[in-house]
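Per-chain numbering from 1; labels A, B, C and D assigned in written order.
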């Protein structure tokens, strides 16, 4: 059964042969292993090209910026899931990744689409105000009045001379919706676009980053299991009320 | 409801405060962002320590070695899932991660437990032969007679002078079960242990690595959707046979 | 960290006590077990009320209608995932459920929102035509010119006298967009709404139904493992083409 | 790439044709829809046969027995995941299903393998005592000294005359390990086996049942979002302690 219009049955990423693995046209063992860092390799995998020094620096920076942020809902869900099946690390990681939706940390992609939409800050702010919707990239439950990660990203973008039209638009947008806190998602999107990354990178970066945080929490969980204690605390916060 | 004996309700990983984020006792924005690479940060998250230069080099190497390996079942499952819900990148990644089980790429952890078990190569080989089970880290459907990634890892471990007792045991095990192909999972485990990583790292590394590959396939899938074509090819390979 | 405006910390579904379990105000062991069928219980869980005879009949009917439909992409993904980790049935089910997105079988909910939107058939058809989007509930890759499940549902709805304004709107919509095949999702939504179900039921019913199909495929897979054969067929359908 | 020894590329479950759907050799729309209840259809899907009246009665009973049990960890994880991405019901269900591992509710399958192992109660109890492991099917965090669901299942099995050798073994096992609480998983397994179900049914039944409970919680969550409140309560239960 073929549903919908299919793409061309071609992939440009990689192929395994009996005696070698080719990735993006390069030899994995002879050329890439030991030469590229994981971040450089992620860039190659995602875009087909090796990064420039600026692209490498900021890809590392952005991955570090959002990999970990305390006992986030994603970490709680993953730890509870590992507690329920200690033998399935991949199941626990999957449960955590599923929580990386738009509300929690998935807004970088939306921010990128916004910044790439061709509209100005005033127009964007007005469109969202008219629609009664929250602008992606603004507001944070903990960081007030500033998100220190957002500020640091912009500072380093300026220092490295990579701030361009998308960083400028991000700042104009901040002024247009002040005093809302600009959170980390908007600078991530802005810097990626100014460095020439595709919009898809702004969707992918938070997920790879957060997977690293999840794996750290799950390694800790396997040493010191608190997942069911987390679940018990959650349960106790809710009252059962039968129909009257 | 508390099920089982709980651990201490403490986590040593990170905490977000209104004006800063602390990770493993360090300040995220002031100290870590822009200084550590993503690989170094993953090491800090996972173990609580920054890596030595050897640890950094081999962590990058091993992540690169197994991030991508062609149109693997995990990539197929992820692409089919994105095709079914193009708006949920995290759902597609989760579906792919779920396929990172012991059969496909989850044997590094098993290999590490084997190499850390205190038994010698002859004893391990005999135990598995007696039990009629496959030894983890051996056999590969594509790479024959050698897995080029496995060979390259050992070569670089020797060149960097990090090969120790676990790499030696891995080689003894290879001799004991020849001519089976030693696959990439065994050297990953051996090198991690020789570099002082905990066994848990051998479970975590393949999952982080493969997430990078999944994200590349999903970015390509969103540009050129072939997920349902993959599903159709799979369906056509199976015949429905009603009860007679 | 509290993100967004929270609801009241109350749940009306169930509570376990040392000597009994209360569900929707009823005693699970003394009242429900052995009296209600699983379908009746699902109705009670979802809506807080036991179903009328018509609600019970059609809930069974609709669950049966969409539980299984051949070697669907969801079944392929689940079987491949079980092949990768035969010990994690729940992981394989989760991978399959993740594929139950809007493109494959998640359109009943969209159909319900459409039918409950207060617009007439001509207006709906015009709105979608103007927007250049596909109307949910129409088109099917296999069933042409009619989806036999859709026809049967409407036939039984008429025969049982439960067809109301939403079934009428579904038929008007079919006339408005002819000759597109009306697929099973639209009658599911229409009948549920005419029977007084909330819109949420049209989201939930396909997922419960498809879980039954997934479990059947996974039981067969554990007896006769073909998951990796499915993956191999999918892989062979795609050509790797390196950058030129 | 074909990994491992493949099964025969045949499935006996179903096939869709342009004008009909065949399931287990039967016509879906002409024969099954409107005739079989969802439970009867699940039996047909899983085993290839329609159930006897006893099989139908107890399959309904067992599904009802374990579909819902308060704000379980699986429900907490699912609600948190929906809160993070309200548009992906299937993602939230998947996150909940992933928590249905051996520790929380996946022991029915283990119990069935135990009861079908051919060993007597004394031997089983001794084997587990020697190995220092917990016997599946015993112990419950809430229900003490009796699990009312377990008692009710055995009571109804006796009343309907379906208790056979597996129910007898379950009771002998209870005596052998007294005063541990026999939980609901053991009678589920025993009754399924005495009714002629395959062991795989004891794995599948809890997952289908719990999916119904998850869908009820997620429908409630979409009306009254408390998922992030649950996550906040969990987070507050844990103290961050940096390295000293």
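Points worth noting:
In the analysis below, a contact is a pair of C-beta atoms (placed from the backbone, for glycine too) under 8 Å apart; a residue touches a chain by one contact, two chains touch by 3 or more.
Quick caveat: nothing in here was measured; it's all calculated off a predicted structure.
At the interface between subunit A and subunit B, two copies of one sequence, more than half of the residue numbers in use appear on both sides, so the contact is built from largely the same positions. Centroid distances from subunit C, each centroid being the mean of CA atoms, peak for B. The pair with more inter-chain C-beta contacts, choosing from B-D and B-C, is B-C. Spacing of subunit B relative to subunit C, judged by their CA centroids, is 35 angstrom. One inter-chain figure worth recording: subunit A and subunit B are separated by 20 Å, centre to centre, where each centre is the mean of the chain's CA atoms.
Distance between chain centres (mean CA atoms), subunit B to subunit D: 30 Å.
Shared interface positions of subunit C, defined as residues touching 2 or more other chains, are 1-4, 9-16, 70-73, 83, 85, 87-88, 90-91, 94-95, 98-101, 103-104, 106, 142, 226, 228-229, 231-232, 235, 237-238, 240. Contact residues of subunit B toward subunit D in the complex are 1-4, 9-15, 22, 24-25, 48, 70, 72-73, 85, 87-88, 90-91, 94, 103-104, 141-142, 237-243. Every residue of subunit A that touches subunit B in the complex is listed here, in rising order: 1-4, 6-21, 23, 28-30, 32-34, 36-39, 41-42, 45-46, 57, 59-61, 63-65, 67-71, 83, 88-91, 93-95, 97-101, 106, 109, 142-144, 146, 148-149, 151-153, 156, 198, 200-201, 203-204, 207-209, 211-213, 215-220, 222-226, 228-229, 231-232, 235. Subunit B meets subunit C in the complex at residues 1, 16, 70-74, 76-77, 80-81, 83-88, 91-92, 94-95, 98-104, 106, 226-238, 240.
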